[in-house]
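Below, each structure is written out as structure tokens.
Two complexes follow with chain A in common, the first pairing it with chain B and the second with chain C.
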Partner chain A sequence: MLVIAERINASRKAIRAALEAMDAAAIQKEARAQDAAGADYIDVNGGTLPGREPELLCWLVDTVQAVSDKPLCLDSPDAAALAAALPRVRTKPPILNSISLERARFDGVLALALEHRTKLIALCQGESVPAASAEDKVALGAELVERLTRAGIAIGDIYVDPLVFPLGTDSRSAHATIEAIGELMRRFPGVHTTCGLSNVSHGLPARKLLNRTFLVAALSRGMDAAIVDPTDSQLMSTIYAAQAVFGRDEYCLGLIEAFQEGRLAA
Partner chain B sequence: MSEAIESIKSNVIRGKRKEALEQTQRALAAGVDPAAIMKDALIAAMSVVGQKYSSGEFFLPQMMIAARAMTEVLPLLKPHLVGAAAQKRGKAVIGTVAGDFHDIGKNIVKMMLEGAGYEVVDLGVDVPADKFVEAVRNESPNFVLMSSLITLTMQSMRKTVEALQAAGVRGAIRVGVGGAPLTAKFAQEIGADFYSPDAHECVEACNRLVH
Partner chain C sequence: MLVIAERINASRKAIRAALEAMDAAAIQKEARAQDAAGADYIDVNGGTLPGREPELLCWLVDTVQAVSDKPLCLDSPDAAALAAALPRVRTKPPILNSISLERARFDGVLALALEHRTKLIALCQGESVPAASAEDKVALGAELVERLTRAGIAIGDIYVDPLVFPLGTDSRSAHATIEAIGELMRRFPGVHTTCGLSNVSHGLPARKLLNRTFLVAALSRGMDAAIVDPTDSQLMSTIYAAQAVFGRDEYCLGLIEAFQEGRLAA
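Up next, the complex of A and B:
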């Protein structure tokens, strides 16, 4: 289970302020906390000030690497920003977040992934609208996997994200994502699936409860990565417990270790 | 205010569309003034819903079902509204800008504006600048409202304002922008007239500017 830590994202007000002020200490505090909480990758997103994204993404890479050895997940839809930031990465190859079937983005991000031997998050989004039904998600996911592997990306380096839409506007949206995860994992042995959780609960009460419940359902269908807040100890505890329950934690040692290190919120 | 109007209003607020429809039919048959139903039941209900959503008391699905109830009652009233009551408060062209497919916020603003008595022309998502220009030419709206949820497409807003300027139609309209990554400062920078943090504020801004 790959935990991609989501907190350093310009859509959060505190991070946007830190980016505007180039406040390295604020960013590094987030990086250290997520590293300590069990992040496998640290996502960095600097898309707040139009036109400045390449520069800010570079600054985030430098700033986070100064305090954490965790690999990075470079988060931008803009190939130019990714291209600027990639040469500065000193930790092991990053994940590029993300590629989709939109033509310019597909070609631009694919070239970078091949050149820098990175992993890729592949969004189930076509040239027009994002996939809403399970069938559409699977069709777009399959097209992405086929085109990326044909281009030379190893299937194990692909993390398909079937996209999660708010339950608040479509009561069946989460179910469609879960169905798509199951089908993609069945159809493409070796591929990974991931998603961001928080969109599912947009506009609803008890958001963390919904996020955790959705996460367990997605994990049950084989999802093996997630973009989450690792400092949310209840969420991380849910991941440990679910991994054990779904037979992916031999002798339950991951769960036991988390407990013995005081990281399990029972 | 009559009991019938109060009851329609309460059912719209709670998103009870069947009840709202039945009561509206009954009220019309009993001779209740359709203009009063419009103003004191529908518009008043959506204003309450907007405030409750804005303050965090109401959640997104509650807002959506209320708006749906309102839009279903509206056609019952329309044939009965005459003169001043049939007049729309104003007209807005709305869309999510080029490169962006997020439509939840845009749809909420649309429903709230309709609930407040505006005519809304919805251009959908991924709307290029020239489509906004064309819509302004064809529809002569009071407002052009743009939504963007990702920073990359905020530039599309700038381009649209520039295109409206270049086409010589900028002066005839007020431009409003909204979306999670936006700020009032950005709206000012790109030459928009106003920024709204949520749908309720957008309606308020339109109400202020339409006169």
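Up next, the complex of A and C:
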């Protein structure tokens, strides 16, 4: 189970302010906290200031690597920003977040993944609207897996994200996403699946509860990575519990250790 | 989603003491609390005092019905105790908890269900050891559904419980149970599934967290009833969230109402 730490993202106000001020200490505090809380990868997203994304992504890579050895998840739809940042990565090969079937994105990001031998998050998003039904999500996911592996990406380096939409506007979206995860894991042995959680609860009360509930159901279908906030102890506790419940924690030793170390928010 | 309230059970110390003392006030306090907290059925179990189960089950039925209109779930493996209690039921038809394929139990409980037109919880338990693998759980569940419907029980009156075992001794049991629930719901349209949760976490830390995590995964496979403690607000909140996440709460109105009424423990 891969925990991709999501907090260093320009869509968050505090991070946007830190980016505008080039406040390395603020970024490094987030990096250290996520590293200590159990992140496997640290996502870095510098993308809301027009024209400055390549520069800021490079700065984020340097800034985070100065305080954490955790590998990075380079978060940009822009191949130029990824191309600028990749040569600066000193930790083990990063994840590129993300590729999709959109023509403007596919070739550029794929070439970088092949050149730098990275992992890839592959969004179930075609040229038009993203897939809503489980069938459409599986069809786009299958096309991604087939095109990427044909191009030379190892199947074990692909993390398919079926994309979940807000329940408030599409009450079937979470269920469709969960079904798609199960089907993709069955159809493509060795592939990984992941999902950003927070979209599911957009506009609703009890968002963290909804996000955790969706996460458990996705993990029960075999999802083996998630883009989450590892400093949220209830969420991390849910991941420990899910690993035990779904038979991925032999003798529940991981759960018991987390309990003994006081890391379980039961 | 049927919430079967589990607190009035002789295996709990306080209830055993209330049964020994025939303390109606203590039982009625539990009945009222579970009714108010959202129970759909109230389970009554009088079964640990040798030889007194028929008498005590009758007393529980009378005692609970004096303060709650909620239908009952008569909880005994003993057809004689169920036969004694059934004529006293004044609320709508109860659930009999439970029948299994064990010969000593099957015919007696089935005859009562047919006579009194009750619902039935059907345990995936044969004459020998209970089923451990998903395949064995489905096979026993299928045999129960087929034999019960052939005998005249409506499929919509059957609640199959695949029986989950402690993760500490069988780390695959929860996953097998969840898989069995999904397969039974697919194979027998109209049948219901349910599960007692707490066995899954026996002997482990963070039991309520594990129980909730297992519940979410089971609900994601279509389980539509559960034997739970409705006064546990975190558990009930998880049920509200799961109904929303799995597309069974149109426009999330149930979740939003629970939030507005202060019933969500997020």
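Miscellaneous remarks
The definition used in the following text is that the second predicted complex is superposed on the first by the 266 of 266 C-alpha atoms of A that agree within 3 Å, B and C clash if a C-alpha of one lies under 4 Å from a C-alpha of the other, contacts with A are read in each partner's own complex, and residues count from 1 in each chain.
To be clear about the criterion, contacts are C-beta pairs under 8 Å (C-beta built on N, C-alpha and C of every residue); 3 or more make two chains touch, one makes a residue touch a chain.
Not measured: the values here are computed from a predicted model.
Comparing chain B with chain C, more residues of chain A are touched by C. Of the two partner chains placed by superposition, only chain C is touched by A:Leu255; chain B is not. With both structures placed on the common chain, the touch criterion links A:Gln34 to neither chain B nor chain C. When the two complexes are overlaid on their common chain A, residue A:Pro77 makes contact with chain B while staying clear of chain C.
Once chain A of one complex is fitted onto chain A of the other, the partner contacts of A:Gly51 are limited to chain B, with no touch recorded for chain C.
In the superposition on chain A, A:Pro130 makes contact with chain B only, not with chain C. By the document's definition of touching, neither partner reaches A:Asn199: not chain B, not chain C. Once the two complexes are overlaid on the shared chain, A:Gln65 sits clear of chain B and of chain C alike. Contacts of A:Ser11 after superposition: chain B is touched, whereas chain C is not reached. In the superposition on chain A, A:Leu209 contacts chain C only, with no contact to chain B. Where the contact sets of chain A with chain B and with chain C meet, they give residues 168, 204-205. Chain A meets chain B in the complex at residues 10-11, 47-51, 53, 77-78, 125, 128-130, 166, 168-169, 202-205. On the chain C side of its complex with chain A, the touching residues are 167-168, 171-172, 174-175, 178, 200, 204-210, 212-214, 216-217, 219-221, 237-238, 240-242, 244-247, 249-252, 255-256, 259, 264-266. Within the complex formed with chain A, the residues of chain B that make contact are 59-61, 63-64, 101, 104, 125-126, 150-152, 154-155, 158, 180-181, 186.
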